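Both of the next two complexes hold subunit A, though its partner changes from subunit B to subunit C.
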Partner chain A sequence: MELAQPPTAPLSDGGAATTDRVLQLAGVTVDLGGRRILDDVSFSLRAGELTGLIGSNGAGKTTLLRVILGLLAPTRGAVTVAGPDPRHSVGYVPQKFMLDPDLPVRARDLVALGIDGHHLGVARPSRERRERVTRMLDAVGAGRFADTRVGRLSGGEQQRVLIAHALISHPRLLLLDEPLANLDLRSAREAVDLLARIAREQRIAVMISAHEMNALLPVMDRVVYLAEGRAACGPADEVVRADVLSRLYGHRVEVIRAGERVLVVAGEGDDAEPSHPHHHDSEER
Partner chain B sequence: MFSGFMVNAWIVASLAAVVGGAVGFFVVMRGASFVAHAIPNGSFAGAAGAALVGASTLAGLGVFSVGGALGIGLLGRRSRRDVATALTLVFMLGLGALFLSFSAENSEAAYSLLFGEVLGISSNEIGPTLVLSALGLLMLGLLWRPLLLDSVLPGRAPGRRTLAIELAFLLLVAITTTMTVPVVGTTLIFTLMIAPAASARALTARPGLALLLSAAIALMTVWGAIALSYTTNWPVGFFVGSLGACAYALSRVAHWSSGG
Partner chain C sequence: MQALLHAIVEPGFFADGAVQIAATLGGVVAVVAGLIGVFTVIRSQAFAGHALSDIGSAGGSSAYLAGVAPLWGFVGISVLAAAAMEQIGVQRARGRDVATGIVLGVGFALASLFLYLGMTYHNSSGEIPTILFGSVFTLSAANLPLVIGLGAVALLTTLTLYRPLLLASVSPELAAARGVHVRVVGAAYLFALAITVALCDLTIGAILSTALLVGPAAAALRLTDRPHRAALLAAGISLACTWLGLLLAWDSFYWPPLRHGWPVSFFIVTLVLAAYLAAGALARGQTKRG
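Showing the complex of A and B:
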């Protein structure tokens, strides 16, 4: 269990210095309604790295995020978030948001609420505060719709505003629940590049959950692969392998590489039909 | 129009309008119109009960609207809020029917509770109304940021905090109800808690300005209604309702013609 590090702590690249860890999960197990959702999950996230949380719907991704956010207590195991105030060291961008188009809230208002929205009283407006919000919106490429009602923005634009809302309080860890699910290919690529840049420039750990890993492959430093409630963690080329994933799923799977893309399919001995164990459109709990 | 008993009407109605319009901003933000319908209608029973035991109307309204708010907040924790609201409402209305049946002078008292009796407001209502407005505005100021954040991105805080915010909001609706029902009655409370806020949000994209605008529109509505009622001798409720609807229609036209 490591203690707080200042956000500017130097990164010893590749050395995996424990001081860079911003999140550590040790043997996290979650039982809900008599079902085991997560089974002895352990991994850690480091500052400056982008991690993909990959798994099919129902693999436990959302549950894992809820545990990290402190919204759900694990049945067993420990979650350690570095920082003096763990609750405010984690920024979160939810999976779906349907904001009312008539909401009298501009993009800049929502980002300003990210600074101190949980405080009592009315914020004193100041030029410094206003400029801080503007800089944050510019940093995520949302400057040009700073004064637009948030509900009028497209899905990708709203997502940028929510990223700015989460980042402006200087979290050490940014969690995004399926941020690519409703984006077209180009917006998804832009979002992934933005998040990779944020991880490196702001020296924070970014974790992105996704049921499809291909959009993340070019940029992710590590993958946490969830299947059957268990997790495998490491660099993508060490985790996304037939032997590792077969152990995880508890039956044989094959990893097929087609150019830049990777497909995980059920192996021989199971259904002949090449199903994608991590590719469904149904809703996750 | 500004002498004698009318002064009481102006003061109490103005306070009710400002608080109703301001709290209404959050009622509309949170999609809580049904709650803002149920608490005032349920509090009707409190007023009927108060008449029965000889207590003040405000006390009866206060006790029942706070009770309704707590019922909705606590029941709604584990089930759908609309169902919790409906059940709280029917339970309170049931009590109201019982109290009214025991009461002798029911029809006239019931009418003033349903449609308000702004011109009959007495000077001893000014004190409690002042205290309630101060309390309501203070709560609004304190809760401004957490309530706004929770209204835009609900359910992001841990469970206990979310419940605290919801209960504080319901309490605000209860306070507003207690001071607003004597002015416009339970049936017309939407004219102060929904119409001004819905109009304001069409006119501005700034949350703080929208809240102030909502309070201002509510104030104009009530002042206009009292003046028109005084000159025509038609019921205040008619003017409050139609002015509220006009404000909303005009704001939509302004919004639409400005290309928004």
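Showing the complex of A and C:
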């Protein structure tokens, strides 16, 4: 299986990290329903890297992705997507998609809508267009069900089709919200490998949200770890550490390593080194 | 041979002026309804379409009161009601039924008022069944330019929005992420839907018009998994049902015991139902073989 799409931008291999910067968030703060969901979040993503967006349920992962997509305006702060046409250089695979089984849209139709679904009028069918869609479906391992209605595919199969839909327009940034949540261990592994290869081969910045980071550990270049509305980011071994995460959570947590796996658990002695003010909402739950 | 032909097509059918007008008007409306209706079904807006058509009875009766052509009443009320639905929140899956229900209630209240006033002051009850159940044979050729114009507006709107509308129907989230203004697209489609419903109100009546909008589209969607093929197929089914309905209604003037003629809309809607059931049987046959 190889990716047939040529890279979006000319390869500028080596060095020049700043020119490779695809996305930059500076001091992004989001309030929703009177609550602070994200608090002064800053980080940047570079082409060719795979980043894990890690946080427990309700940590603000989906909210952060929606801000990046421009679907939600931050209360404060700035989001900069590099490139001439930011809107169409971001691919997105949403967290919840319930596609209607009776929808008269085949996998290949949905992928074709990834090319020009935002354009007015009817698409002119052509052999070239058809082949481009087929290549894309093959590249994500979805060639087998190209002619099946998307709503009738399994969750994992739909996900591949949605990845193809997102990738076919050559985005510079690919955002996936909890793509592993509905997959069994083997499919999750396959999906992670696929996404890592997409990042490397096409020089795309890939960001994957997850509440559980273990499936991502082997391929993740960087982590953006969300807790209490704040974010810590950097290479996994610099972020996933007891001191960093304790500071983030505002209370003591421990990082337990067991072989390849990592476990973040609440530690004893609840209020050790809270260097940030507490952001626990007292009325919460 | 002649006798057999006469049994199928009673004499005078093709030569009759009223039939020609009815076939033209009904045909145009049928094609528009089939094409637009496919998106109504895909977007699960059949209830909204039904509400718009029922509200048409308020439009038809008020036009009658005001002494203007019923089509203006149908279009006016339908577009107004669509705007109200859009404001209340027809775009959200959960808001949709609420919005539709509220507008439907108001529409019926108005309809009952106008129909009552119409009966009281104009002392005529003949118009009411026509508004509610249509009577395509009584329409004049003067309707034709407006019907074609409105149909073209509805078709052009939907055709222009084809791709974003389809994407937004698959997933509003995906469409929004691509920069589609999902709400604007939805509102524009609702406008096209309102016009289409008004046209159906005119030909087969306010109560029955959803059947023509939704039935052929639903039948077509059972038979094909491509939206554009479904749209063309739906237009074909809708046209066939309408013309066959006209023929049967004409023939029914000769049927014993009354020899008085049955309502056209009854035939059209029954044929649409038959097409829907037949499509289901066909589709099941296909999956068994496939």
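In the analysis below, the second predicted complex is superposed on the first by the 253 of 285 C-alpha atoms of A that agree within 3 Å, B and C clash if a C-alpha of one lies under 4 Å from a C-alpha of the other, contacts with A are read in each partner's own complex, and residues count from 1 in each chain.
Convention: contacts are C-beta pairs under 8 Å (C-beta built on N, C-alpha and C of every residue); 3 or more make two chains touch, one makes a residue touch a chain.
Since we're looking at a predicted model, the values are computed, not measured.
Visitor: Looking at the overlay on subunit A, is there a clash between subunit B and subunit C, or do the two fit?
Guide: Superposition check on subunit A flags a clash between subunit B and subunit C.
Visitor: Of the partners subunit B and subunit C, which touch A:32 in the superposed model: first, second, both, neither?
Guide: neither
Visitor: Just to be sure I read the superposition right, which of the two partners does A:103 touch: subunit B = first, subunit C = second, or both, or neither?
Guide: both
Visitor: Tell me the contact category for A:78 with respect to subunit B and subunit C: first, second, both or neither.
Guide: Touch status of A:78: no partner.
Visitor: Would you sort A:90 into first (subunit B), second (subunit C), both or neither based on which partner it touches?
Guide: Once the two structures are laid over each other on A, A:90 reaches subunit C alone.
Visitor: Look at A:256 in the shared chain and tell me whether it touches subunit B only, subunit C only, both, or neither; answer first, second, both or neither.
Guide: It touches nothing on subunit B or subunit C.
Visitor: For subunit A, which residues lie in the overlap of the subunit B contacts and the subunit C contacts?
Guide: Shared contact residues on subunit A: 71, 92, 94, 97, 99, 102-106, 109-110, 113, 116-123, 149-150, 165.
Visitor: Going by the contact rule set out above, which residues of subunit C touch subunit A in the complex?
Guide: 42, 44, 159-164, 166-167, 169-171, 173-180, 221, 224-228, 230
Visitor: Show me the residue ranges of subunit A that touch subunit B in the complex, using the header's touch definition.
Guide: That would be residues 70-71, 92, 94, 97, 99, 102-106, 109-110, 113, 116-123, 147-150, 165 of subunit A.
Visitor: What part of subunit A is in contact with subunit C in the complex they form?
Guide: Its residues touching subunit C are 69, 71, 87-88, 90, 92, 94, 97, 99-100, 102-106, 109-110, 113, 116-123, 149-150, 162, 165.
Visitor: Given the complex with subunit A, which residues does subunit B contribute to the contact?
Guide: 29, 141-146, 148-149, 152-153, 156-159, 200-202, 204-210
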